[in-house]
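Note that the chains take the letters A, B, C and D in the order they are written out, and that residue 1 is the start of every chain.
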């Protein structure tokens, strides 16, 4: 089973050996790039179909189930849809608005996609399988690269010279900037606990066995669970997924910052969004869900990369599920959630991690209950005060309507 | 030319560009951009000296850069807030229009 | 290394030059961003991974976006602005003089020549940075924390619009209309 | 507490997801080309011309009176009258359409042509799969395409078709009665003529009502 676990690593080594020694490092890099450029867009293609099918099922519809192999009657349950969509978007006319800033308009999608690929390359997708390993700064690299997303959103929104684009871009940037703080703070808990910024080290630390049968994933601790939930929420916002899809709210902003994009560039935006989602899910997996490690020790025989991609797929399904369930937030609700609820919870979580670190010698039960109380109490308090502001809305004129009959008898007096 | 001198020259060039921009551009945001460039040139200097200097273990250069980045971020935030406040008052972000105090 | 350095230096300086000369403010800000990314790559070349990524995170992720926001809020993105002030000649002269002096100092410096030409790449360990921040530099760190808090509050206070309490007005007008 | 509502919602959608696989009642979608919803009798799409008998062109009820052409709000009907006349279902000599075109791409399915037609000749069809690759001429249909049999009409709108047939039978009976009356009158006249040959000329007036009965329909 160890051979199956390392099959891709060995394969790469064998392939590299075929080349002269001078070229070997370059070929190795090239192979990693090709692997990433092939695998993740492949998952993207699959995700687009799965998302549409599942969303349809959540709404009691059958979803796409027709496109299969052309010229035959084989339908593949609709899984040929991504090829049809891809061909359509590649052959569509590329429209650039007359007033648009052509250069910026052209560059924007690439500014989104290239960093997304870079961000994917730091993920440990299996044992010894990390394309770009920064032993000192892996996580920092990821967050630094994520900054390019905002730039791309701005460039796309501003260069289109369209009010919806600009509104979407402004919303998007405000949202991403706000949620970057909870995102970084919640991942900081793990960094504090592990003492390293390297994603590889963080994952390896979670492979240690606890109580003889399961791996000590960070999500199995109070602070890790809270951090995971906070990270998940912030990740949802960073990836512009429903319920945080305000930047591209199609019912109000047409398509947000990529309203004026069509054809190939639109496809690039679409790809970039999904790659960003995969990357942030991958980081969540590496930070909290043990990366490529199996949940239980008796499942260790399953290859590590299979675990990673399985978890990634679970994440994708969860995001789709959320999209099928939750309505979109309002802008003020969005900002309130980030600044008045998530930020204090993140800071509190940092405190709890400190407590957890310094109570390592304590009785497990005592330690657990202390951390849980420290997190759950303020959570309850925060959410109470937070929800107090979300009472069912009353509308002034609707509330006034009972007063209307009082006015009516007055009206006949006017002629007198 | 040693690598250190090359880095220092690039840094000097950046500083001069930022300086020229800050002196000659009219728009106050661009003046701020020039100031940012000058700060960054200084940061490059620090890191170059840390890398090629006699005592890299002390990490003084890196520390200074980290602090400088933090200060620059604060400076940019306050500076831009000032520019927006001035714009709201004068409806202009041109440095030459804000000359009420000129004698 | 020299080749890569030349490319990065050219990118950084060229983008900085463009940032200071272009007419459209948004283009200027975007060029500034490119220049800042070039600088971060130069930091990586110098072996300061941590500083480089912090540079990208703070400058590209926050400062550049802030500048772009400010440009849009002051309606700078709509029309190209005038390029120069009346003091173009003087400004350029001063800047050129500064560059001349600095270059002369760098090239002619004997102290620089005394340094070893090639030193081994020093390792920048994040742990060491953390230790330094919490040990030797803890006072400046606290100072920075204070500064950032003050800047946050200051920026909010300065840029905040004066409140006109639309809710209160609405309530007043309502009661006013209902009373007669 | 924040989160409980989210979990409730997630459970609800999960029920939907599983329910669509276990409970076919949930999936209300009709997968169109294979499955079809039965059309209701009230379905109306675009007009067609009714003919009686076997030959569509001979049995066309339309007399090219052009009322529909004039009434059509979007002006999508184009009619050219024939030069000659032929016998219609009432046994009268009538014109027939040499050209009868409807532009379905212009037609707005208002059914006014059906309302105004005095000859029960234009009715609404239920066919809706009319897509064509030709944007300009593809939906311009001529009388050969428009002509559909009375049987077809009975199939798509049985109640209405029965009413229409009844009305036509009434007309036919009227016409037959009139013709009979005419024939009788003629015979009477002939008999009278035969009976009193010199005083025949004032009695010739009963022959006139026939053209007079046709007249009220003329002024439009």
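By our rule, contacts are C-beta pairs under 8 Å (C-beta built on N, C-alpha and C of every residue); 3 or more make two chains touch, one makes a residue touch a chain.
Just so it is clear, the structure is predicted and the values come from calculations on it, not from any experiment.
J.: Can you give me the shortest step count from chain B to chain D, moving only between touching chains?
T.: Step count on the best path from chain B to chain D: 3.
J.: Find the two chains joined by the most C-beta pairs in contact, please.
T.: Summing C-beta contacts for every pairing gives the maximum at B-C.
J.: Most remote chain relative to chain B, going by C-alpha centroids?
T.: D
J.: With centres defined as the mean C-alpha position, give me the chain C-chain D separation in Å.
T.: Computed from C-alpha means, the inter-chain centre distance equals 77 Å.
J.: Round to the nearest whole Å and give the separation of the Cα centres of chain A and chain D.
T.: Using C-alpha averages as centres, the distance is 60 Å.
J.: Suppose each chain is reduced to the average of its Cα coordinates; what separation in Å results between chain B and chain C?
T.: Here chain B and chain C have centroids separated by 6 Å.
J.: If you average the Cα atoms of chain A and of chain B to get two centres, how far apart are those centres in Å?
T.: 34
J.: Can you list the chain D residues in contact with two or more other chains?
T.: Not one residue in chain D touches at least two other chains.
J.: Listing for chain C: what residues touch at least two other chains?
T.: 50, 54, 62, 69, 124
J.: Going through chain A residue by residue, note those that touch at least 2 other chains and give them in order.
T.: Residues: none.
J.: Counting only chain pairs that touch, give me the topology of the graph as line, ring, star, complete or other.
T.: If you draw each chain as a dot and join those that touch, you get an open line.
J.: Hey, which chains are touching each other here?
T.: Result of the pairwise touch check is A-C, A-D, B-C.
J.: Looking at the complex, which residues from chain D come into contact with chain A?
T.: Its residues touching chain A are 1-3, 6, 9-10, 12-14, 16-17, 19-21, 26-29, 31.
J.: Write out the stretch or stretches of chain C touching chain B in their complex.
T.: It is residues 1, 5, 9, 12-13, 16-17, 19-21, 25, 28-29, 32, 35-36, 39, 42-43, 46-48, 50-51, 54-55, 58-59, 62-63, 66-67, 69-71, 73-74, 76, 81-85, 87-88, 90-92, 94-96, 98-99, 102-103, 106-107, 112-113, 115, 117-119, 121-122, 124, 128-129, 132-133, 137, 140, 144, 147-148, 150-152, 154-156, 158-159, 161 of chain C that touch chain B.
J.: If we count contacts the way the header does, which residues on chain A are in touch with chain C in the complex?
T.: Going by the criterion above, the answer is residues 101, 104, 134, 136-137, 140-141, 143-148, 150-151, 154-155, 158, 166, 170, 173, 177, 180, 195-197, 396, 403.
J.: Given the complex with chain A, which residues does chain C contribute to the contact?
T.: 24, 26-27, 30, 33, 40, 49-50, 53-54, 56-57, 60-62, 64-65, 68-69, 72, 77, 124-127, 170, 174, 178
J.: Looking at the complex, which residues from chain A come into contact with chain D?
T.: 54, 57-62, 65, 321-322, 324-326, 341, 379-380, 382-384, 386-387
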